[in-house]
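These notes are about the structure you will find just below.
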Amino acid sequence: MTELALPSVKSPGALRQLAIYLTRDKLALCAAVFLLVLIVCVLVGPLFVGELAGKLGLRQRNLPPFALEHGFIYILGADTLGRPILARLIVGAQNTLGIAAAAVFCSMAVGGTLGLAAGYSERWYSHVILRLADVVMSFPSLLLALIVLYTLGPSMTNLVIVLAITRMPIFIRTARAEVLELRERMFVSAARSMGAGSGRILFRHIAPLVLPTLVTIAAIDFATVILAESSLSFLGLGIQPPDFTWGAMVANGRGYLKTAWWIAFWPGLAILLTTLSLNILASWARTVADPLQRWRLQSLRKAPR
Amino acid sequence: MGNKSVRVIAGAMVVAGWAGYAAAQNASEIKIVLPEQPANLEPCGTIITNVGQILSRNVVEPLTIIDPKSGQPTSGLATEWKQTDPNTWQLKLREGVKFQDGAAFNAEAVKFSIERMTGGKLTCSNIAKFGNAKLTVTPIDDLTVEIKSDTPQPILPTLLSVVMIVSPNTPADKAVNDPVGTGPFKLSSFTPQTVVLEAFDGYWGEKPAIARASYVWRPESSIRAAMVETGEADLTPSIAIQDATNPETDFAYLNSETTAIRIDAGFAPLDDVRIRKALNLAIDWDGLAQLFGEDVQRASQMVVTGINGHDDKLAPWAFDAEKARALIAEAKAAGVPVDTEIELIGRNGIYPNGTEAMEAMMAMWQDVGLNVKLTMLDVNDWLRYLQKPFPESRGPNLLQMMHDNNKGDAAFTVPIFYTSGGSYSTFNDAAFDKEIADAMAATGEDRTAKFKAIFAKVHDELAVDIPMFHMIGYTRVGSRLEWKPDITTNSEIPLANIGLKD
Amino acid sequence: MMLGYIGRRAYHSVISVIGLLTLVFFLTRLTGDPSALYLPLDSSLEARQAFARLNGLDQPIYVQFFQYLHNLLSLDFGQSLRQNRSAIEVALEAFPATLKLAVVAMTLSIALAIVVGALAAARPGSLFDRIAGLVSLAGASTPDFWIAIVGILVFAVGLGVLPTSGTGSGLHWIMPIFVLMLRPFGLLVQVVRGTMISALASPFIKTAHAKGMKRRKIIFGHALRNSLLPVITVAGDLATGLINGAVVVETIFGWPGIGKLMIDSIIQRDFAVVQSTILVTAIAIFIVNIAIDLLYAVLDPRIRY
Amino acid sequence: MTASDKPILRIDGLTVDFLSEGDPVRAVDNVSFDVCPGETLVILGESGSGKSVSTGTVMGLIDCPPGDIVSGTLVFDGTDLSRLDNEGRRELNGRRIAMIFQDPLAYLNPVYTVGRQIAEVFESHGAGEGGAMRGRVVRLLERVGIPEAETRVDYYPHQFSGGQRQRVMIAMAIALEPDILIADEPTTALDVSVQAQILDLLRDLQRETGMALIMITHDLEVAAAMADRIIVMNAGKVVESGRAEDVFTNPRHSYTRRLMSAVPHGDPKKRSRPVEQEVLLQVADLSKHYKLGSGPFAPKREFKAVDDVSFTLRRGETVGIVGESGSGKSSIARMLLRLNEPTSGSALFAGEDIFKLEGRALNGFRRKVQMVFQDPFGSMNPRMNVRSIISEPWAIHRDILPRQRWNERVVELLELVGLKPEHAERYPHQFSGGQRQRIAIARALASEPELIVCDEAVSALDVSIQMQVIELLADLRQRLGLSYIFITHDLPIVRQFADRILVMQRGKIVEEGETEALFVSPRHEYTRALLNAVPQPKWLQRDPTPLAG
């Protein structure tokens, strides 16, 4: 991972600066707006369309999109049980993003902490942690997921646990690598010479500098997790009906791609746009973080000739 | 960029590629695409769909063959049979039959095959059809055998349709992947990609039109359909209804599978017959039927027409939400805890659109005020609920299930479902067990009548299950083939019956 | 020294592999007794118990485990319940198919990603850069099974230029490879671009300019060579993660590889095969990692083990 | 040939902006100068004076954030450089105009052998191919004084010492005998002795090839040693220019005068008042050995970073430890602060052995001894603002100060080190080098220490700033009765600040003595070498006999 350090976001000035940089990159702006809208939908949407999403309409199975006679909610068409796809997209977003967010957060928190420990100390447990990471790394994550889900049963929580575990190594390794570099920095020696204990150095001095990197990875991982979840659904082990996610919607609709493409298309598109937005924002953040690149996002005014 | 990259690769590969891909198979060679890879090719496992569809009556042949129309056994490798006493049958064997390895087909070979099945040294699925009967086979002469059983076997000839005769040179103590039988085709190769059969010149019967058949497998229905459409394959025995879009090539057939929901009558509120009837009444059957295609038949019992014991008069439950609500209210008044959560246990991929069906039914039941919650399980967990011993932890539950009886007689259905000892049965009623025992022992008209009575009672009085539909399978048959699926297609695809247009 | 290093790595990997196998053993056993799966639905309880006895599944789990370890010592990896032959044989038979897929896909992704990424980095913000970025990210953001099925419907059924699935001619490779490439290619382009940009900003590039070197030589000779290391790291992780993509691709395109085998055998509870596949893939992954480390040493003279 | 008077390069009214958020930052403002063949022009200025930028434009190297040439002409040998396209520029670079940089390690590509990198110069200008080139490269390396050039030609940059790397850079630059060599701070990162050698090399090469040499430096000695003519830059403007001797002997511009006055000269008043006899620190037989040989090629051997060092420090005294890089002076500092454990030896601080302290005792000791590091930026957490940086010692040692008094104390300290109260809310990156070092000192003072160890505390700063910081330290010493261990590679600086000086070489103390005495009559030859290494002004050197064409 390339070293990323977002400009300190403590002062409001920095925040405004970030906002300005965002407006300079149209693509990133669109991505941000899209995600914003999405989050709003997730928060308030279910209140309005919650029960519609489960409402059977066997008489309007596979209703094609852009037909308004059944009402606007059917604008994107209806699925194999005649349920409005739009409503299901909104409700599905809640599960999809909920699961991804939870999984990514867990793996970042746990993996990050383990990585810090493994990087800072030379004791036995740092070796254990690394071997652990190796084990998970050399364990095809889909298989791990399948086994655990078979063992624990495919519930929402277990799904989160599995996805979190499979994504953990990357955080462990990155955090460790960063710590190995940071702990040799002068200000760490300075702190130690002042008598600061390991805990203080680790969490007051090192962690804050590792965090931005982890956050950026998390953004990219968020996308990975959404995709992983959809792959699980494809193998029939994602989240189980009556609950559903975008991945599950794509998986269920895939059989109809030829006859009723819209059933799998819209959720597929939703996944694509979401992950794409996250990736775009991540690479935008990389540019902002890089002092050699940041100027690309600045308004450069030349002196009058 | 991604697309550009494809172009690049394509460009690179087209040259090398074209030849291999475009080479059309020659006329008498066909390719069949199955939904899944056969785990093995053990002839004793032909009742497993994807094994049977390859081996049964192609490589290995049974002693008797069930006639799809009547459900009665007809001559296979055994030409005629008679019952000498309730426990004993005597068979005449076909003359001039050779095994593909040159060994002669005779009474000894039959003895060997049956003992190999029943020996218990290898896992033999087919033997399950015999229940726990102990068979002793004694050759009378070269082409006559006598089969003795410890219990009366009124329908032994029917049972014999699952006895696949293998060459005496087959190892008797371990399962094999290179079966040798008497069939019109012999196994040419078995790789993770494909199984290839080639015509066997020494076949006793008439020479089939097909010279060579290769089997491949694709789990995605849409892809199987596409393969036949593009001519990469000539036949796929099962595609999902949504893929059966072309009347020229796609044929529906009653596939002897009956779908149902089992009610676990052991728990309140399901122990109350009113609730069980309400469950039957609450479903919008016509609406549900759309999930499986307009040709599905609404089922009132667990066997299809043509199976001895099927009761054509028996009318299925009709959709009547009001009546359902009334029954529930009545039960509630009588103190039945109707609000208890009822777990609806489904199984992933049990049949096309099975999951959607469960979702729909859950919604409908909730609609009439029953607290039904859906849980989808994978096969292995689902089996724990299907078969005894049931999990201790279970509460009131409904189980999605599918029953396939293409063996011509209700005997393959009734005992497992409705006797106290039956491995699917959730209730025990000594009197009812007695009735079933009688039916099992009876023969002819009497037998048929008894089974009909049983189905009627199950449906009208006990309502311990919710028969859904007699299912329709869809096959896609390439334009150059002359073939129609029938009720046996799920268990066998005799290549000999496939003709070639030209 | 080099040998010593490899020895150390090998030792670590052996530990992880053993840990892995133990984990898999117990996890899989937790998914329940498979007897019922292998017998027809209407088979009796006795039949099932007989089956369990026949395959030693009735033993207490720790006994089974020691039995397993004991057999391992004599390189007996157990029998496949499903295919009634040696499990390792099954795994090894399936492995090459996947290996071929992975190697081709990875090589192409890396090669293409380097070219595209380098060109994008040469003129950051240019039209090419933006398009390349968008396309690559989109590639990395699409559910692979979805794109696979769409691909079949379009190229095989619609246009009829490619075979739907299966193996054989070169044409059969195109779609699986393409689907498998999407994600690695997408992510690698990002990495290459990022590292190239920072490499192009590094002082020795100034020197090269001061020498009067040609721009092309500077980009591909100096900058690229120095930005390869992180690319290789990421490529390595992607390669090890490729097995997941392989599962989907193999399932859809009927490719008889180890990924599909893995999933099938866990679904079928064919424990011995699951363990064997894990063993094979884990070893493969371990070899990849070693190779990467050695590649480091080759590419960067400062790195010595 | 001798310095002709016809300029090979003439720059007129060059103005360069750095574009950034909002208004552009003027880096170079209307700068004009020229240089003739065989002549050495020194551009003298402190960091940020724009001296590097002006020459960067000559090579067409302007780094991000993007530079923008607002106006000015750069005429090289009759061609206007600002009108050249990339190809034309490429033709000139390396062939007729060459450049060497401050930090050779960074400016050499780590993954290619030096031989290859030098050969590239020939290739780029179609001046030779494959086998033949190797010979030329080797000869070049020999010329710039790389021993065993025949084999080292295949070595990688990291396998050379700092001085040798700079020689490699030079070899690369002179490969095609350019008309102009631009040297941007070529010796700044090097030890004085090495610096002298490099300067000699440059002089010799110039004499041989008759090339013009444009030398950029902030170091007055170096400037004096090299310059024929000199221009002094400050804040992007040329403030003074002329013959070196004139500028140095009677500077006219005020800024130049300040620079000159910043040149250290032994001024007793900066020394501490007579010291008490109480011994504060007693170091005995201190050693630190490192096990080497983790590499594949290096055999297992032991490296003695610090070898059996003993010295004493009285309360209120300042001891200077002088030595070049790798002499082990910093290792001593790190051990005294318990950052590294010694291999053997003892150090009694106020009677207690530092190396035996544990737990609370150790914390107590850490309060009394503080360190000021070379790189103030690196020694501060970029994520913490000045307030939390300075108050960190109180957060660690709870008993020093009650929390409610922190803020006012921070303000006191800031004022004490000459900063403003409002600085408390800012972050390190918002300060200049000198200010950062003041913050570092404030932090050191926060725990009311008795001894402050300064490890190269001023080396990274511009000369004028250096003096201010030294004065601050001296002033604090008076007011707070502090003791210092002052570690540096720069003799002149300690001369006016330290009471006693230890000269270290390869982990050993080779000479110890009262400052004046040591400067006037150095006994050990290494000390002498160090003193002589300080370059002599060119106009005092006996004039080099010019070589014929």
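Order of writing sets the labels: A, B, C and D. Residues in every chain begin at 1.
Here, a residue touches a chain if its C-beta (ideal position, glycine included) is under 8 Å from a C-beta of that chain, and two chains touch if they have at least 3 such contacts.
Chain by chain, the UniProt names read as follows: A = ABC transporter permease subunit; C = Binding-protein-dependent transport systems inner membrane component.
Please read these numbers as outputs of a predicted model, since none were measured by experiment.
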{"item": "Touch-network distance, subunit A to subunit B, counted in steps", "value": "1"}
{"item": "Intersection of the contact lists for subunit A and subunit D", "value": "C"}
{"item": "Higher-contact pair (C-beta pairs counted), A-C versus C-D", "value": "A-C"}
{"item": "Interchain centroid distance [CA atoms averaged], subunit A/subunit C, Å", "value": "22"}
{"item": "CA centroid of subunit C to CA centroid of subunit D, Å", "value": "50"}
{"item": "Where subunit B and subunit D are represented by their mean Cα positions, the distance between them in whole Å", "value": "86"}
{"item": "Rounded Å distance between subunit B and subunit C, as computed from the means of their C-alpha atoms", "value": "38"}
{"item": "Of all residues in subunit C, the ones touching two or more other chains", "value": "31-32, 138, 149, 153, 157, 201, 251, 267"}
{"item": "Residues of subunit A touching at least two other chains", "value": "150, 254, 257-258, 292-293"}
{"item": "Shared interface positions of subunit B, touching two or more other chains", "value": "220, 222, 226, 378, 380-381"}
{"item": "Chain pairs that touch, as defined at the top of this document", "value": "A-B, A-C, A-D, B-C, C-D"}
{"item": "Subunit D-facing residues of subunit A, complex", "value": "5, 8, 10, 185-187, 189-197, 200, 204-205, 208-209, 292-293, 295, 298-303, 305"}
{"item": "Interfacial residue positions of subunit B with respect to subunit A in the complex", "value": "220-222, 225-226, 240, 242-243, 245, 284, 287-288, 290-291, 346, 348-349, 353, 355-356, 358-360, 362-364, 374-376, 378, 380-381"}
{"item": "Partner subunit A, residues of subunit C touching it in the complex", "value": "12-13, 15-17, 19-20, 23-24, 27-28, 30-32, 124-125, 130, 133-134, 137-138, 140-146, 149-150, 153, 157, 183, 190, 194-195, 197-198, 201, 230, 237, 240-241, 243-244, 247-248, 251, 259, 262-263, 266-267, 274, 278, 281-282, 285-286"}
{"item": "Partner subunit B, residues of subunit C touching it in the complex", "value": "31-32, 34, 36-48, 50-51, 54, 82-85, 93-94, 97, 108, 112, 116, 131-132, 135-136, 138-139, 149, 152-153, 156-157, 160, 163-174, 177-178, 181-182, 185-186, 189, 251-252, 254, 256, 261, 264, 267-269"}
{"item": "Of subunit D, residues touching subunit C in the complex", "value": "59-61, 63-64, 86, 89-95, 98-99, 101, 103, 106-112, 117, 120-121, 124-125, 156, 158, 169, 172-173, 295-297"}
